[in-house]
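Common to both upcoming complexes is chain A, partnered first by chain B, then by chain C.
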Partner chain A sequence: MPIVEIRSLSYTYPGSTKPTLTNVNLSVEEGEFILLTGPSGCGKTTLCRCLNGLIPNSYGGEFNGQVIVDGLVTTEHPVYEIAQHVGLVFQNPENELFCTSVEREVAFGPENLALPREEVRKRVEESLAMVGISHLRDKSPEELSGGEQQKVAIAALLAMKPKILVLDEPTANLDPASAQSVLNTLLKLNEESGVTMILVEHRLEMVAHMAHRCAILNEGRLVLVGKPEDVLYSDEAEAIGIGIPKVVQVTKALGINKMTGKCPLTSWSLADLLRVWKN
Partner chain B sequence: MKAFGFDYKRGTSIIHILDPRSKFIYTILFTALTVYFVNPLVLLLVFLSSVPMVIVAGVGKSWLRSIRGSLFFIAFIFIFNLIGIFWTTGSVADALIMSISMSLRFMALISIFSVFFLTTPPEDLTQSMVQLKIPYDYALTFNMAMRFVPTLSREAQIIMDAQRSRGLELEKGNIFQRVRNYIPILIPLIISSFRRAELVADAMESRAFGAAKRRTSLYVLTMGRRDFFFILFSAAAFLAFLSLKILLGIQ
Partner chain C sequence: MVTSRPFEGVEELILFEDVSYSYSPGRYAIEHINLSIDKGEVVAILGENGAGKTTLIKHINGLLKPQSGFVIVSGMNTKDTTVATLARHVGLVFQNPDHQLFAETVEKEIMFALTNFNFPEDEISRRVDWALKEFGLLEYKDRPPFLLSGGERKRLALASVLCYDPQIVILDEPTTGQDYRQKLHLASLIKKLNSESKTVVVVTHDIEFAADFIPRSIIMSKGRVIADGDSEELLTNRELLMSASLIPPQLVELSWDLALNPPTIHFDEIVSSVKKLLEGKKA
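Moving on to the complex of A and B:
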């Protein structure tokens, strides 16, 4: 049974006449890593908010269809309940972190759940360790780099023990090195702890090879879903105007994918192909 | 905002680790003294009594900044009183003593509150409010307000820079025009603050805010022996000051 199921979801914000999402269907299996991308304003952020019930529970508006996460129909459960199944990481860590120490930040969620103090303590330790930031526990979020802040935000959500993490452009405000570090953390969480990932990202170069499937949203519709190589090498993807990775462009321009039948997603795999071809 | 001593930095001094509630008792008692007395010498004494705490806490730099930041107000209070009292009594000596008292009173207040805010982590303040049975929502609102002050001031700076680079002249015209010059700063600032508030609310809800009526706290504040002695000492000092009035009749 899929862990996330979106069934013919359409949504219009209150006061808006045009729907932001139109007939979106997607099902995600437990442990999958889904990369969601698309041009700005295509509805990615809105879709993220639908996944943990902020839409429609806190936003209102016209909501049709159904979103089921970990067996919960989002319209039938309050956000705080869904939050224990789906963690949502936002774009700008400045608005996500509001405590003066990393430890307290991570404790905020479990505290809200009114768990016993020992359990809160245990979850804080575990979450910090999972993200690899135990050494930052006493720092103030303001002293940290953007990448570290985003890791704190991720740890703060892991403390709620969600099976699914939804990340809305978590690297948008980060430099390439920090972005890579955050993305590696996500990959590790997915591979080692089996957390289902739904990652909204523009930096396709960095993430395409991590994902099991890639989905492209355009003007509120899910236009392409499939293996990352199939989606990114398709002509439709090129037409939509997402940042097709350079590797893909070069491979296509040289016709290597047609010649070898292989679709590399990283510079390294392309280099390997070329090396074989040269010999 | 830094000028008013909200510039909390983590510290490990004895003053830092005191329970906020005991520091609050000290603050209340000594605030009462500054309001109660008008004798400049007593007020100077009250002011000076806060200095050892500043030194022990090692927050001298921030404390000085608070005092320096309030110098303008102190000068204002001094001059205003001087003119006002001279006008009504006609006595230069009276006016001088009274305005010195008023300025000292203000300085003492700034100093006492600076000690409190410079050595109390915002969360501990929130936690002590919760333990004093103030609803968590109100306590958190207060905490958040403090947390977002630097964020907002940074944002105001960015908006000011943006509007200036589009030709807005903030320092132009008389006082009324100058106030009006700030409208193009205020409107974007207010709108972006509302948006930010919404995003923060989303982030809080995503972390199960409001799930339980009584949430747990990772840390619970407990009054220890040092708190007991600190309160005892504050109360003793308070009574000693009061005895000046009772025994010596100092106002």
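Moving on to the complex of A and C:
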């Protein structure tokens, strides 16, 4: 059974006349890593809010269809209950951090689940270590850089041990090295702990090769879903105007994908392909 | 490294002379910065979080005053000039639009600075009109800014600064949350500003954007400028990128993986190099 199921989902914000999402259908299997992308304003953030029930439970608006996460129909359960199954990481971490220290911030979720003190402590330690911020535990989130704050937000969610993480451009405010380390953390969480990932990201060159499937939203509709190489090498993807990775552009420009039947997504896989093919 | 120049008779539009600043004793946010940017230049400032990029640009619009050394902007020493005066010359677009946007509607947001700088009525309406169209915000003109998407708010922040036509435009992380088309739009906008002899300083983590569109790069690390020069030369320098914790552009990675000499940031050059490799196979 899929862990996330979106059935004929359409949604219009209160006060708006135009739907933001139109007839979206998507099933995600447990342990999948989904990359969700599409032009700005296409409805990616709105779809994320539907996945943890913020829409429609907190936003109102006109909601049609059904979203089921980890067996819970989102319209039938409160957000706090869904939040134990789906962790949502936003673009702007400073909007969600509010405790006086990093440690307290990360402990907040598990403490609210009334877990034993030892378990809370263990989860805090693990989560801080997973994103590499154990040394920041006593700092106030306010005095951290944007990148560090985002790591705190992710650690705070990890402490809830959700089965699904939905991340809305989590690396947008990070410098490249920290972005890479956060993305590597996500990959590790997915591969080793089986956490289902739904990652919204524009910089496809950094993430395309990590995902099992890539989904493209355009004007509120899910227009392409498939293996990242199939999606990113398609003419439709090019027409929508998402940032096709340079490696894909080079490969396509020279017809290497047609000649070899291979669709590399990273520089090293293209280089390997050329090396093998040349000999 | 930029060599320091005498203050007398400078032609530079932005000049930093041995500038240091510290938020808390014993730890400098920026240290011994020497820098000059000419009129009409487009410059990227790159570096990891905490490298001092934001502290540096806050010295250009006078939000911060140097604790030692001095900063000259458009011939004015920032120490003797108010932020209000500098603001007319230096437009700063913040990284997080929510730190900047406050008006009730998109239209009012764009009007704010224009009204403040006492532009005449007809000029205000002409400029607001231009900005709404240029940034694809016309259909949202009566909406509260907080109902816009992240990318749209970012464009609004940009519109509300560019509408009053400052001589120097500083963009702090302009590409975050922007899709590919908007990045191209931003690039062509920068080109246009540049053709009007505006000076554009872009603080960015988006090394792909810098490699594709910005000719000069300044790389910062731990409060210092560690390199300043031609973007292609700097962004293909492996040791330099590593020491600044920067991830190379994908084409540079590909250059290295294919052992191309010299490595390049240009798409056409990579394509022709790979083509040669492929022809080598057929021969």
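Quick note on the criterion: the second predicted complex is superposed on the first by the 271 of 279 C-alpha atoms of A that agree within 3 Å, B and C clash if a C-alpha of one lies under 4 Å from a C-alpha of the other, contacts with A are read in each partner's own complex, and residues count from 1 in each chain.
Everything below uses one rule, namely that contacts are C-beta pairs under 8 Å (C-beta built on N, C-alpha and C of every residue); 3 or more make two chains touch, one makes a residue touch a chain.
On a predicted model such as this, the values are computed, not experimentally measured, just so you know.
In the superposed pair of complexes, A:180 makes contact with chain C only, with no contact to chain B. In the superposed pair of complexes, A:147 makes contact with chain C only, with no contact to chain B. Using the contact criterion defined above for the overlaid structures, shared-chain residue A:250 touches chain C, although it does not reach chain B.
Of the two partner chains, chain B is the only one touched by A:111; chain C is not. Once the two complexes are laid over each other on the shared chain, residue contacts for A:202 go to chain C alone; chain B is not touched. When the two complexes are overlaid on their common chain A, residue A:92 makes contact with chain B and with chain C alike. Residue contacts after overlaying the shared chain place A:164 against neither chain B nor chain C. Comparing the two complexes, residues 92, 94-95 of chain A contact chain B in one case and chain C in the other.
Interface residues of chain A facing chain C in the complex, by the touch rule stated above, are 13, 38-41, 45, 91-92, 94-95, 145-148, 169, 172-180, 202-203, 205-206, 241-247, 249-250, 253-254, 256, 267-268, 270-271, 274, 277-278.
Residues 8, 10, 121-123, 143-144, 147-148, 150-151, 196, 199-220 of chain B are the ones that touch chain A when the two sit in their complex.
Those residues of chain A whose C-beta lies close enough to touch chain B in the complex are 49, 52, 54, 58, 79-81, 83-84, 87-88, 90, 92, 94-96, 98-101, 103-104, 107-117, 120-121, 124, 138, 140, 142, 156-157, 160. Residues 47-51, 95-96, 98, 147, 149-152, 173, 176-183, 205-208, 245-247, 249-251, 253-254, 256-258, 267, 270-271, 274-275, 277-278, 280-281 of chain C touch chain A in their complex.
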